[in-house]
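In the two assemblies presented below, subunit A is common to both, partnered first by subunit B and then by subunit C.
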Partner chain A sequence: MNLKEWIFTTDHKRVGILYLIGSIAAFGVAGIMALLMRAELSAIGPTITADPTTYNVWLYAHGAIMILGFQIPALTGFFANYCVPLMIGAKDVAFPRVNALSVWLFYVGVILALLTFFIPDPPDVMWTGYPPYSTITAGNTALYSLTVLILGFASIIGGVNFLTTVAFMRAPGLGWGKLNVFVWCILGAFVMQLIFVPVLGSAVTLISLDKYLGTHFFDPAMGGDVLTYQNLFWFYSHPAVYVIFLPFIGVVFEIIATFARNPVFNYKAAVYGGIGGIVLISGEVWIHHLYVSGMPDWLRIGQMVSTLLISVPVGLLVISLVGTLYKGAISFETPMLYALGVVFLFLIGGLTGIPLAITSLTVNLSETYYVVGHFHYVMAVAGTFAIFGGVYYWFPKMSGRMYNELWGKIGFWITFVGVNIVFWTMMDIGARIGLPRRYYDYAQFPQAADAQHLMTIGAVILGVGFVIALLNWIIGAAKGPKAGDNPWGSPSLEWTTVSPPPHGNWPSPPSVSEEWSPYAHGKR
Partner chain B sequence: MSHGGEAVHHGHGGHDEHEAWGTSVWPFVISFGVLALAVAFMLQFVYHKPFAAVIALGLGIPMILGGVAGWVSEAMGRGEGLSYGAMGWFILAEAMIFMSFFAAYWFMRLDVALVWPPAGTVPLPQVLPLVMTAVLVASSLTIHHAEHLMHAGDKRGFVRWLVVTILLGATFLGMSAYEWTHLIHDGFTIATNAFGTIFFSVTGLHGSHVVVGLAIFVAGLVPALMGNISEGFWRTASLYWHFVDIIWFFVVSQVYYW
Partner chain C sequence: MLDDKRTVGALLALAAAGPALAEKTIPTAARIIDPAAGWDHLWRDVLIDITVIGIIFALITAYLIWKYRRRPDNQQGSAPRLSAAAAIGWVVIPSFVFMADDFYLAANGWQLWNTFREVPADRLEVQLESGMYSWDYTYPNGVQTQNELKVPAGKPVLLRMTSRDTIHNHYIPDFRVKEDSMPGRITYLWFYPQKPGTHVVTCTEYCGVMHSYMAGQVVVLPPAEYQAWYEAEGAKVKKAAAPAATLSKTPA
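Our next item is the complex of A and B:
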C-alpha cells in the first residue's frame, strides 16, 4: 500500500475511508469524554476531579466532537462518499479535488477540536456556546468558533459536490424514481446543510467578533440581542438533527431491504412525503428550542403544531421500513440486528419526544435529564447504531473480506443492553426526580445516586460493545475470509463491481435496464 | 441467488488493469494552510502573541496561495462542465450567510432598539455609496460582455474586458477602504455601538466577497494571458461576480438608506 496515494487521494472511496477513520477516532475521543463524565457522576461529590470547569470542558468536548466530528462526518462524509457514486453508477464525484479538500478540512477541524486538551484555557461553553457566557468565559471561545467554521465549510463544499454529482452523473437509465432511498436521504441532508450550516457559521463567528473584536451583536447594554444567537444557532442545529437522521435512516433502508429481500414498501411516499416533508418542515421548528427563553404565546403554540407535524413524514418513513419487513425472507446478520435496533431505539426516542414538543409539558421537563435521555435515544444512539450497522453492511465491499459474524452479534447485544440501561434510566430520573442536566454535582438530589451509579455501569457496558465492534473490523479487514463481490445478494449497483472496487469503480460505466431497481430482489 | 448481471450492463474489461489512483497534493496543502490561519487568529486575539501570529500567518498564507495556484494550474480546462451548476448551490449557502447577518441586524433594530440609530453614530456618506453601486454594476456588465466575447471566440477582447472588470472591482474596494478610514477617523468603529457593529461587519463581509471574486479573476487571468481560457471556469466565476453585485443592493439599501 502506498501512503502517498492515500493522503493525496482524490478517489471518492478512499476519501470516504479517510472520513471513516477520522470520524471513528473522534468517536473514541468523545466516548472517553462521556465515560469521564459518567465516572464523575457515579457518586455524589468530587469523584475524579474537584474542578467543575474540567467537567464542563468534558461536556463541551463530548457534545461538539460527537456531533460535528463523528456523526455528521461519518454519515454525510463517509457513507455519502463511499456509497453515492457507486449507487448511481458514477466513476467518481463531480469534483474529486473538492472532495479531497473537504476531507482534509474535516481533519483540520478535528485537530482544532482536539487542541482543547492541550491549551491552558479550553472552551467550557458546551456545544451550544450560548452567550453571554461564551463571550465572558475565560475559556478560549475562538477555538470553538474556528472548529465549527472549518467543519461547516467542509460540509458545504461536500454538499455542493454531492448535489451536483447526483444531478448530473447518474448511470444511463437510472432515473430519479430508481435512486436508492439512501441517495435521496443524502440529497435531502445536503440541501439542508447548504441552507443551514452557513447560519451556524455566522452565529459562532459573531460570538468571536463580540468576544475578541469588541462588537455588540449579543450585548444588550450596547443594543445587541442575546436571543439572536439562540435563534441563529438553532436555525441550524435543529435541522442538524435531520441532517443526521436522514442519512442514518437511509442506511437502515438499504440494510432492511437487503436482509428482508423485499423492495422498499411505499417508495414514493417515503421519498417524496417522508424525506421531502422533513426537508420542507425542518427550517421552521427551531423556535421550540427556545420554549423557556420567552416568546409570545401565539408563537409557542404555532411552534408546537409544526413540531408535532414533523411526526407525519417521520411516520411515513417508519411505515415504509416496517412494511418492507412484511412477508420478507428475513435473516438476522449483524447489519440487520443494528438496523432493527435503530428502528426500536428511534421509536422510543421519537415517542418520548412528543411530551417535549407539547408546551405545557416541556416547561417541566426542560433542562432535566429527560431531555438528555430523549435526544440520545433519537439521534445519538439511533444514529450511532445505524453507522455501525452500515459499516458492517458495506464492510465486505470496502475491504473485500468478511468480519466475524458471532463477535458482531455479541458486540451488538452488549451495546444494545448498555445503551438502554444508560438512557432509559436517564429519562426516568429526569421525569420522576426532575434532576437538572449539565450539573457537575447533584448533592441536592441524593435520591438520584443509585440511578447515576447504574448509568455509569451501563456506560462501561456499552463502551465494551463498541470496542468489540471496532476490533472485529480491524481483525476482519486484516485477515477475515474473502467475501466475494456480492455476499448479501443485493441488486443495488454498488454490489455489481468487484470488492474492493478499483479506481473508476467499473471497467466501463454501467447502464441499467427498464426492469432494474436497486431493490428488485429475484425470487429465491 | 437473486439477481444476475442481466439488468445491469457494463463492459467486460480485465479487473486487474485499471487507471492509476487519482491524486492531488493541493487540497492537503490548502487545508493545513487554513489550520495555520486558525492558529494565527488565536495567537493574536486570544493569547496576544503577535510575533507568533505573524509566523503562523507566514506559514498559512503561502500554503493557501500556493495551493490555490497549484490547483488552478492543475485543473484549468479539465472537468469544469459541472461547476456552473455547483456554483448555484454554493451561492445558496453564501446567501444564507448574508441572511444571518441581516437577521442579527433586524433583531437589533426592530426588536431591541428604542431609538435608531443609537448614540455615537456619525452621518454616513450619501453620495459615495451611489458611486460604488454604479461601479459594481458596471463591473457586472463588463464581465458579462467579456463572457460574450469569449463565447464568440475573441480571446483578446475577452482579456481586455476582464482587465476592465478587475480594475472596476479594485476601484470599488478602494472607495470602500476610503470610506472606512474616514469613518474610523471620525470615531465611528465596529465597537462604537450596535450600528457600528452592523455597518462594519456587513460591509466587511461583502468586501471580503469582492476580494475573493477578484482573486478568482486574477487566478484565471494568468493562464488567460497565455491563451488558456476555460469557458466553464469563466462562466462560473462570472456567476459568482453577479451574485456579489446583487448582494450589494441589499447591503446598500439596508445599511445606508434605511
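Our next item is the complex of A and C:
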C-alpha cells in the first residue's frame, strides 16, 4: 500500500476512509480526556492533578475535539464521502480535488486541536469559548479560533461538493423520491452547515480580535456586549446539534431498513416532514441556551414554543424508524444492535430535553449535570453509537472482509451498560441536587461523591467496550473472512458493486428501474 | 400579617420608582407564590409526561422487535404499502398529539416563568457584584458581606446582579433559581426563604480557573435575629461613614 497514493488521493472512498481514521484518532484522544476527567472527579478534592487549569484544558479538549474533530467529520466527512456517491450511483463526487482539499484541512484542524497538549498555555475556554473569560485568560484563545475556522472551512467546501453531487450526479432513473434517507439527511446537514458555519466563524474570529488586536466587540466597558457572542455562537451551535443528529439518524434508517428487510415506513413524512422540518426550525431555537442569561421575555416565549415544536419533526422520524420494524423480518447482527441502541438512547435523550425547552424548569436545571447527561444521551452517545453501528454496517463493503460477530456483540453490550451507568447517574444527580457542570472539584456537594465514583466506574466500562470495537475492526480488516459483495442482502446501490469498490465504483455506470428503490427488499 | 402602612409605603415607592424598574412587580396583597414549590410541582408533572411517552414508545418498539424477528433465514419483510390517506394520517395525527402536549407544557412553563420574574413588592433587595472568585453583597443600608447572604425568614429576597470581570452565575439549588451575572448588564433573581437554615450558593457559569471553588451560602435567620444583625452592622457602617460628611446618605 502506497502512502503517497493515499495522501494525494481524490477517490471519494479513500478520502472518506482518511476522514474515518482521523476522526477515530480524535475520538481516542478526546475519550482519554474523558477518562482523565472521570478519574479526577472520582473523589472530592484533588485526585490525579492538583491544578484546576489542567482539568479545564482536558474539559476543553474533550468537548471541542469530540464535536469538531470526531462527530461532525465522522458523519459529514466519512459517511457522506464513502456512502453518498455509492448510494446515488455516481463515479465520484462532483469536485474530487476540492474533496481532497477538505480532508487535508480536516487533518490540519485536528493537528491544531492536538497542539493543545504541547503548547505552554493551552486554551482553557471550554468548547463554547464565552467572553469575557476567553479574552482575558492566559490560555491560547487563538488556537481555539483557528481550529474552529479551519474545520468549519473544511465543512463548508464539503457542503458545496455534496449538494452539487446529489443534484447533478444521480444515476439515470434515480429520482429525488428514491434517494436513501441517509442522502437526504446529508443534504439537510450540509444546507445547515452552509447557512450557519459562517456565523460561528465570525464569532470565534471576533474573540481573537478582541483578545489580540484590542477591539471591543464583547467588552461592555467600551460599548461592546458580552451576550452578542453567546447569540452568535448558539445561532450556529444549536443547528450543529442537528448537523450531527441528521446524518446519524440517517445511518440508523439504513441499518434498520436493511435488517428488518422492509421499506422505510412513511418515507415522505420522514424526508419532507422530519428532515425538512428540522432544517426549517433549526435556526429559531438557540435562545434556549441562554435561558439564564437575562434574555428578554419576547425572545424566550417564541423560542420556547419553537424548541418544543422540534418534537414534531423528530417524532415523525422516530415513528418512521419504529414503523419500519412493523411486519419486518428482523435479525440482530452487530450493526442492528447499535441502531436499536440509538433508538433507545435517543428516546431517553430526546424526552429529557423537553424540560430543558421550558424556560422556567431550566432556571434550576441549566448548567448542571442534568444538562450534561441529557446532551450526552441525545447527541454524544446516540451519535457515537450510530457511527459505530454504521462502521460495522459498511465494514464488509469498505474492507471486503467480515468483522467478528461475537466480539461485535460483546463490545456493544459492554458499551451500552457503561453509557447508561454514566449518563443516567449524571442526569439523576444533576436534577436531584443540582451539581454544576465544569467543576474540577465539588466540596460544596459532598452528597455527590458516591454518584461520581459510580460514574467513573461506568466510564471505564464503556471505554472497554469501545476498545473492543476498535480492535474488532483492525483485526477484521487485516484477516477477517471474505465478506462477499452484499452480505446483508440490501437492494441499496452501494451493495451492487464489488467489495471493496474499485476507483470509479462500477465498471459501467448503474441505472435503476422503475420498481427499484433502495429499500425494495426481495425484488432484485 | 399584612402591614397596611408598609403596603402603602411600598406602593408609593413603587409608583415613584415604577418606570425605572426592569422587572414586573406584584402588590404585596397578593399571596406570595414560592417559585421553588412551583418548580417542584411542574418538574413532577413534566417527568410524568415524558415517562409516559417514553414507556409507550419503548413498549411498542420492544413488541415489534420481538413479534417480527426473522424466523427462516430467507424471510423478507412484508410491510403493506401505505395508502395516501394512511400516510397523511400518520403525519397529521401524531403531529397534533405532539403539538397539543407542546402547547400544554409551554403554557404551564410560561406561567411558572412569570412567577420567577414577578417579584413581590414587599421584599429585601440586595445588590450583588460577582468577581473572580467571590460573591459581594450590598444591603440597602450599606452593609456589605462576602460569600454569605444573610436574609430573614418569611420575606422574599431580590438580588440585583452584575459582574466586575467574567460571567458568573448565582445558583442556589435549594431555591431552584439561578441567573447569570455579567459585566455591563444588570440581571436579577428572587427567591422566597421561609424557614431558618443555610443553603449552598455556587457558581454555574464557567468563569475561570477557580470556578468550582466559587461558593458561598445563604443563611436564613429568624426575622428578629436578622433585624438585630442588620441594625448592628448598619450602625457600624454609619459610624465608619460619619467623618466623610460630604458623602450622601444611602436612602433606606
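Assume the second predicted complex is superposed on the first by the 522 of 524 C-alpha atoms of A that agree within 3 Å, B and C clash if a C-alpha of one lies under 4 Å from a C-alpha of the other, contacts with A are read in each partner's own complex, and residues count from 1 in each chain.
To be clear about the criterion, a contact is a pair of C-beta atoms (placed from the backbone, for glycine too) under 8 Å apart; a residue touches a chain by one contact, two chains touch by 3 or more.
Keep in mind that this is a model prediction, so the values were computed, not measured.
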When subunit B and subunit C are modelled together on subunit A, clash or fit: fit
First, second, both or neither for A:Ile111, with subunit B first and subunit C second: first
First, second, both or neither for A:Cys83, with subunit B first and subunit C second: neither
Which of subunit B and subunit C A:Arg261 touches, first, second, both or neither: both
Touched partner set for A:Gly434, first subunit B, second subunit C, both or neither: second
Contacts of A:Ile468 with subunit B and subunit C, given as first, second, both or neither: neither
For subunit A as apex, the angle formed with subunit B and subunit C - C-alpha centres, to the nearest 10 degrees: 100
Which superposed partner A:Leu308 touches (first subunit B, second subunit C, both, neither): second
Contacts of A:Leu227 with subunit B and subunit C, given as first, second, both or neither: both
Which superposed partner A:Pro132 touches (first subunit B, second subunit C, both, neither): second
Partner chain in contact with A:Pro509 - subunit B first, subunit C second, else both or neither: first
Nearest-approach distance, in Å, of subunit C Cα atoms to those of subunit B in the combined model: 6
Where subunit A meets both subunit C and subunit B, residue numbers: 220, 224-225, 227, 261, 521-522
Parts of subunit A lying in touch with subunit C, wherever the complex brings them together: 52-53, 56, 124, 126, 128, 130, 132-133, 136-137, 220-221, 224-227, 260-263, 265-266, 268-269, 273, 292-294, 297, 300-301, 304-305, 308-309, 311-312, 315-316, 318-319, 322-332, 340, 343-344, 347-348, 351-352, 354-355, 357-361, 363-364, 366-368, 431, 433-434, 436-445, 521-522
Partner subunit A, residues of subunit B touching it in the complex: 1-15, 18-28, 30-32, 34-35, 38, 41-42, 45-46, 71, 74-75, 79, 82-83, 85-86, 89-90, 92-94, 96-97, 99-101, 103-104, 107-108, 111-113, 118, 190-191, 193-197, 201
Parts of subunit C lying in touch with subunit A, wherever the complex brings them together: 35, 38-39, 42-43, 46-47, 49-51, 53-54, 57-58, 60-61, 64-65, 68-71, 75-80, 82, 87, 90-91, 94-95, 98-99, 101-103, 105-106, 108-110, 112-113, 115-117, 165-167, 169, 171, 173, 176-180, 182-185, 187, 200, 202-213, 215
Footprint of subunit B on subunit A - complex, ascending: 4-5, 7-11, 14, 92, 94-98, 100-101, 103-105, 107-108, 111-112, 121, 140, 142-143, 146, 150, 156-157, 159-161, 163-164, 167-169, 194-199, 201-203, 206, 208-209, 212-217, 220, 222-225, 227-228, 231-232, 261, 489-491, 493, 496, 498, 502-504, 506-513, 515-516, 520-522, 524
